[in-house]
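Next up: some structures, all given as structure tokens.
Shared between the two complexes below is chain A, which has chain B as its partner in the first and chain C in the second.
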Partner chain A sequence: MSTRSRLIICAVVLGALHLGVACAGFFAPYDPAAQDREHPYAPPMRLHFVDARGGIHLRPFAYAQELRTGSFDQYEENTARAIPMRFFARGASYRVLGVLPLRWHLFGTDAPVYLLGTDGYGRDLLSRVLFGGQVSLLAGLIGAGLTLSIGLCIGAAAGFWGGWKDEVLMRVAELFLALPWIYLLFAMRAFLPLAVPPLKAFLLVVVVIGAVGWARPARMVRGIVLSAKERNFVRAARGFGATGGYLLRRHILPETGSVVLTQAAVLVPQFVLAEMTLSFLGLGVPEPVPSWGNLLASLQHYNVLVSYWWMYLPALVMVPFFLGYLVLASLLQGSSRATKIEEAPVEV
Partner chain B sequence: MMRFLVRRLGHAAFLLLGVSVLAFAFSTLAPGNYFDEMRLNPQISAERLSALRADYQVDRPMALRYARWAAALLHGDLGFSFAYNTPVAPLLLIRARNTLLLTGTATVLLWMLALPLGVWSAERLGRPADVALSWATAVLLIVPDLALALGLLVLAVRSGWLPTGGMASVGFEGLPAGQKIRDVALHMVLPVTVLVASALPVLLRHVRAAMAEALEASFLRAAEGHGISRRRLLYRYALPAAAHPLIALFGFSLGALLSGSLLVEVVMSWPGLGPFLLEAILARDLYVVIGGVLLSTLFLVAGNFAADLLLYWADPRIRAEATER
Partner chain C sequence: MSEWRGKWAQCGAVVAVVAILCCGLFVCRAESFPAPSAQASAHENEKEELLRVAGESGRRGGRIVIALKAEPKTLNPLTAADTPSREVISTMQGDLVHINRATQLTEPALAKSWKISADGLQYTLTLRQGLKFSDGHPVDIEDVLFTFRVYLDEAVHATQRDLLIVGGKPITVRKVDAQTVAFTFAKPYGVGERIFDGLAILPRHLLETAYKEGKLGQSGALGTAANQWAGLGAFRLKEYVAGQRLVLERNPHYWKADEQGNRLPYLDEIVFLFVPSADAQVLRFQSGETDMISRLGAENFSVLSRQARDYTMADAGPGLEYNFLFFNLNDLGEKAPAEMLRKQSWFRSEKFRQAVSLAIDREAIVRLVYQGRGAALWGPVTPGNARWANAAIRYPGRSLDKSRQLLAEAGFRSANGDNGEPKLVDADGKPVEFSIITSSSNADRAKMAALIQDDLKQLGMRAQVVPLELRSLIDRVTQTKEYDTCVLGIASFDADPNPEMNVWLSSGGMHLWNPSQKHAATNWEAEIDRLMEQQLTVTNTAERKKLYDRVQEILVEHQPMIFLASPDILVGAKKSIGNFHPVVLEPYALWNVEQLYQRNGAENARR
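After this line comes the complex of A and B, so read on.
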């Protein structure tokens, strides 16, 4: 298989994963904030095809969970009450991508079915994981976009201007590189307001994450710009009277494309993780809005850790995403290296 | 040599200065400070509050506060904690010691694992053993340390094999010395495992790549032709040739001693700098945060400096370049 077709497969899989999260409302059976006070900390329900009497059903069903008598968090299946799943059912209303209002869900049931269990408020964990992915992935994507734009601008400016401006910009970049990024994240977040509404907190987190990581891409872009501006075709264009802005836009910045793309594939999972870390520690997106980080926050309580293992499941959701990005980054790196060797500039 | 040293030291001083200015600058961007929440407390009078504010000089302009703080820093004074009402330095040192115990052990283990494994894997480049190892490291690479730490915690709590949380068991003070060491060691197993597992794949890949490149060199083939033993060939001839990127990484390892374990410490409630700083951030205990950030930056800078010195010692090309200038 060629690198190109591998890249396409990887991109398609990643795209599908993201599309799934973007359409969280469709795949999630319930509203992420809807509480079911009758079922706090309900364990994941199992889907059955075979009922208690051995009869086989084509339509999967779950048995209703009821509190064991005398217990407040121990559930048992009531095999007398089967809840069949109905596919493409109507349920809680949601908006696709925040615009299109819809009521269709992948599946619906007459009585609540929690495939990943519920949290302490009786909120469906599956729905929260799906909607939380929207927050975390969006934070990662926007953060990476922000970082790359800052890095591109600063790197291009430093490389193109050269001289003392280059020196100053690169010293500042070294400053940002020298700091451990999680500390930098903390320090920046530390001195920004703590208790803010979810949307503002989300924007804050994105800006903080985006502002922290620009140094590495900036240095890479600078290196490419430095070598690109001495290439013959750029010199030729300059000789024809091209202005600096035109040269940058038309001839130099396109050279940085592959590096920027590779960096994006590296940065997005890093920044998703950064958002998760901040939210996990209570410095990021607050309740009741779910994010992959604050879904895990309840695990900081010992009793949750001991009794409700399914609260750990959200930690595993991001693994396929990270795998996709890792493969994508290594493929992009390989392909850009290959093209670089092909069209290596001939030194005159 | 002297010029090289001075250049590097100047660079380090610049970094520290920049970080301290940056930290202070963020503090002025922050709305509110430690005493703002006290206003809501009916037990604290307005006069007492304004006296406190005057004492700690929180209302002075930033440049002035920075100058005073920097002057005190030169005398080894890191400032005063609002929350603990004591100097920051001793508070930080206790936590830093705990953190160093954790990260020091993890770093030693990490390098003891990564070097032989990387060499072993580079020697078998492309063979099944190497491919299997690459897959194993890829798996470790895609499981983020947060997920790994929480997963191990869940496992440990449910199985009861290992103690979780903190650094010592209840009744630690009454134990004899031997059991004290055993108790702390048992508590360290989980956090150290996470730290090693999250850093191992990256380091292993670097060692493998550097060694693979060094093994290609023709001088090694010549040495092989002279009948030098495989083991000696690998560790005495190839490893020094591959050392350059590894020394830089080692410096980074040293530098990350104070800052690399922050999240793991919070998750595992290890009484180190991580939870302490998080608490200080939430309480807006300004000088504790700045002190912590500065201390960890100092480690980073020192680590880079150590790497530079090691490189100078190990790599004649750098020595030549430095004396030329």
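After this line comes the complex of A and C, so read on.
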């Protein structure tokens, strides 16, 4: 299989995963913040096609879970109470991509069915994982976009104009690399008003993680610009009287394209992880809004760790996303190397 | 914890805001406890009057290992404020009169008997014969006089000093004869002889020099040489390894004996390990490294109960800790931001507070936060404190309808929010939104706040939970007063209203919703002040109870604090530990440390 077709497959898979998360409201059966106080730490419910008496049903159903008497978190299936799934049912209202209000869900049930179980407040883990992905992935994408834009501008400026500007910008970059950004965040949080609404908290997280990470891409871009501006076709264009801005735009920046794309594919999962770290430390998105980070935060407790295995599932869900991005990055890197080899004889 | 107390000064010795993760208390309610018999029998051993205590006889020898969440800061009872220090000191020191942690009643200790004068102003205590400090030095009446001189000396800054000021004047102490001492109070004191509980009698022969040099506060550091420190407790200092452990050994001169007349304690050693996190303590207990575990959270308790192998897990029932939500009712003056003043105008409305209170589902808190191992509260006195709880005060159950009705009466109304969800607005049409601060180190309270947030959402209120580091939370509540509402908890050391004076008096530093007022801000706060002052000097318990019942009623009526829930005291111990009878008063499992023993001496010796 050629690199190109592999790239396409990878992009399609990633796209589908993102679409799933973007339409979380449709795939998630419930409101991610809705508490079902009768079902804390309910384990994932199994879908059946065959009932307890051996009868076969075309429509999948689940058996209701009931607390074992005298227990707080031990459930048993009540085979007398089957809950059939209805597809394309109406349920909690949500907005597609934050705009279009809808009430249609992939499936709905008359009594709650928790396919991935519930957390300590009885909130549906499936819905939380899907909605949490919106926050985490958006943070990753915006953060990576911000970092790369700043990195590209600064790196290109430093590499193209050189001299004292280069010196200053690169020393600042080194300063940023050495910055203990977690403490920076703690300090920033202390200056903010006490109660930050979830949306603002989210934006803050994104801006901070985006703004502090530009140094590394900037240094890479600078390196490429430095070598690109000495290439023959750039010199030729300069000889014809092209201005600095034109040269950058038309000839030099396109050279950085493959590096920037590769960087993006590496940075997105990195920023998702950064968002998780912050939420894990209580600096991210406040409860009850889910994010992958605060979904995992409950695993800090020993009892959750040993008692409720389904609380690990959010970590599992992230695997295909990260894998997708990393495969994409390595494919992009490979293809950029290939183009360079093709170009090489031209340059000589 | 100690910072908290430092700020609120000395009453800290008595009331501590429990900022611990854990909680839970109690002991088997139905079981009868081996209560030490109230009469000291003369033991014919060199005129030594040993106190005989009832209970299962154990075997001598062995040791137990217990984890503390932090290193004790000191061994000095004068300056100890943190929980680990108090726990260690309680095994090393003795008091004149002791409150039996199981019966919650007083019983003779170093004083074999006492008399109270008819006017309730004079207490005459007779010391036991033949007492010796743990270093073998005999105890005489001069030690008692020295002890109280030290406690009352302002220059020493003893945490106990405030307790000994009755009716605005320090109590006076006078020697009657070689075995008898008389205490005189300026006013009758409602608590009676309970005042002497926890006041350790200090060894004059070791401390007098330091006292004269004004260095008493510094003595008793953990590094003190074992022969330079002594007390009247069951155990004495043996070894301290910084950062790892503190080892205490049996006090061979201890003044208690079992029913057969064998001198207590049974154990040769207690080892305190320093294990900072609750989860790590659970792991150590599971692996058998420690013999006992207390201050367990409900979740860890059920993990241990599920896997119970060779240990007994005990739910002692609701403790004295009560958790609550309170509003910022401080007088912030004209300069406060307009938004804060608007929020305060809601908070000052009694109907608003009652509506919030009725909307909070306490049963869900007990079930989801404490896994059912706790009690829903409506007033401040927990079921663990049965003698003082006002029986008429019961949680009426959640009622959103009543809540909505109260809000409507107070001028609030429902409006449509941007996303179709109803939102509550005040008379000026401003949406009701506020924040709830809670300690980030206390998972239980953070969970309570999240449940409250969801409960209030159903009324259309938007509450936001803000976890803060404990120190900055306390700073906001007591100093800067920059907060809207707060979820916190308090645990008393004693089942008596007196340790709570600082909380209920409007002038008190722990009168959290509006601390240290010069004059009571409201009529009902003035009434509470009056009732609390009055119960301090009434000596008839029934009369005191009546006064305190009224205080509870006023609190429930005006809801300055919305009482939420009280966790059970949860403890565990290896099955090999004998006489393990945890109680709801501190130190939950170690209150009868002199009677604890290892059933299996040989196995233990190998360790």
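Definition applied: the second predicted complex is superposed on the first by the 325 of 348 C-alpha atoms of A that agree within 3 Å, B and C clash if a C-alpha of one lies under 4 Å from a C-alpha of the other, contacts with A are read in each partner's own complex, and residues count from 1 in each chain.
Assume a residue touches a chain if its C-beta (ideal position, glycine included) is under 8 Å from a C-beta of that chain, and two chains touch if they have at least 3 such contacts.
A quick note: this is a predicted structure, and the numbers were derived from the prediction, not measured.
Shared-chain residue A:G120: touches chain C; no touch with chain B. With both structures placed on the common chain, the touch criterion links A:P288 to chain C but leaves chain B unconnected. In the superposition on chain A, A:Y302 makes contact with both chain B and chain C.
Once the two complexes are overlaid on the shared chain, A:A89 sits clear of chain B and of chain C alike.
Applying the stated contact rule after C-alpha superposition, one finds that A:L326 touches chain B and leaves chain C untouched. Note on chain A: of its two partners chain C and chain B, the one contacting more of its residues is B. Legend: residue contacts after superposition of the two complexes on their common chain; A:L261 is shown touching neither chain B nor chain C.
When the two structures are aligned on the shared chain, A:E174 is found in touch with chain B, with no touch to chain C.
Overlaid on A, the two complexes show chain B and chain C touching the same residues of chain A, namely 194, 282, 302, 306. Of all residues in chain A, only 33, 35, 37, 40, 72-73, 93, 95, 101, 120-122, 194-195, 197, 282, 286-288, 301-304, 306-307 touch chain C in the complex they form.
Taken in their complex, chain B has these residues touching chain A: 14-15, 18-19, 22-23, 26-27, 29-32, 138, 141-144, 146-147, 150-151, 153-154, 157-158, 164-165, 256, 259-260, 262-263, 266-267, 277-278, 281-282, 284, 289, 293, 296-297, 300-301, 304. Chain contact summary for the complex, chain C toward chain A: residues 278-279, 282-283, 297, 299-300, 302-303, 306, 361, 364, 367-368, 371-372, 419-420, 434-435, 437, 440, 443, 447, 450-451, 453-454, 464-467, 482-484. For chain A in complex with chain B, the touching residues are 171-172, 174-175, 178-180, 182-183, 186-194, 273, 276-277, 280-283, 296, 299-300, 302, 305-306, 309, 312, 315-316, 318-319, 322-323, 326.
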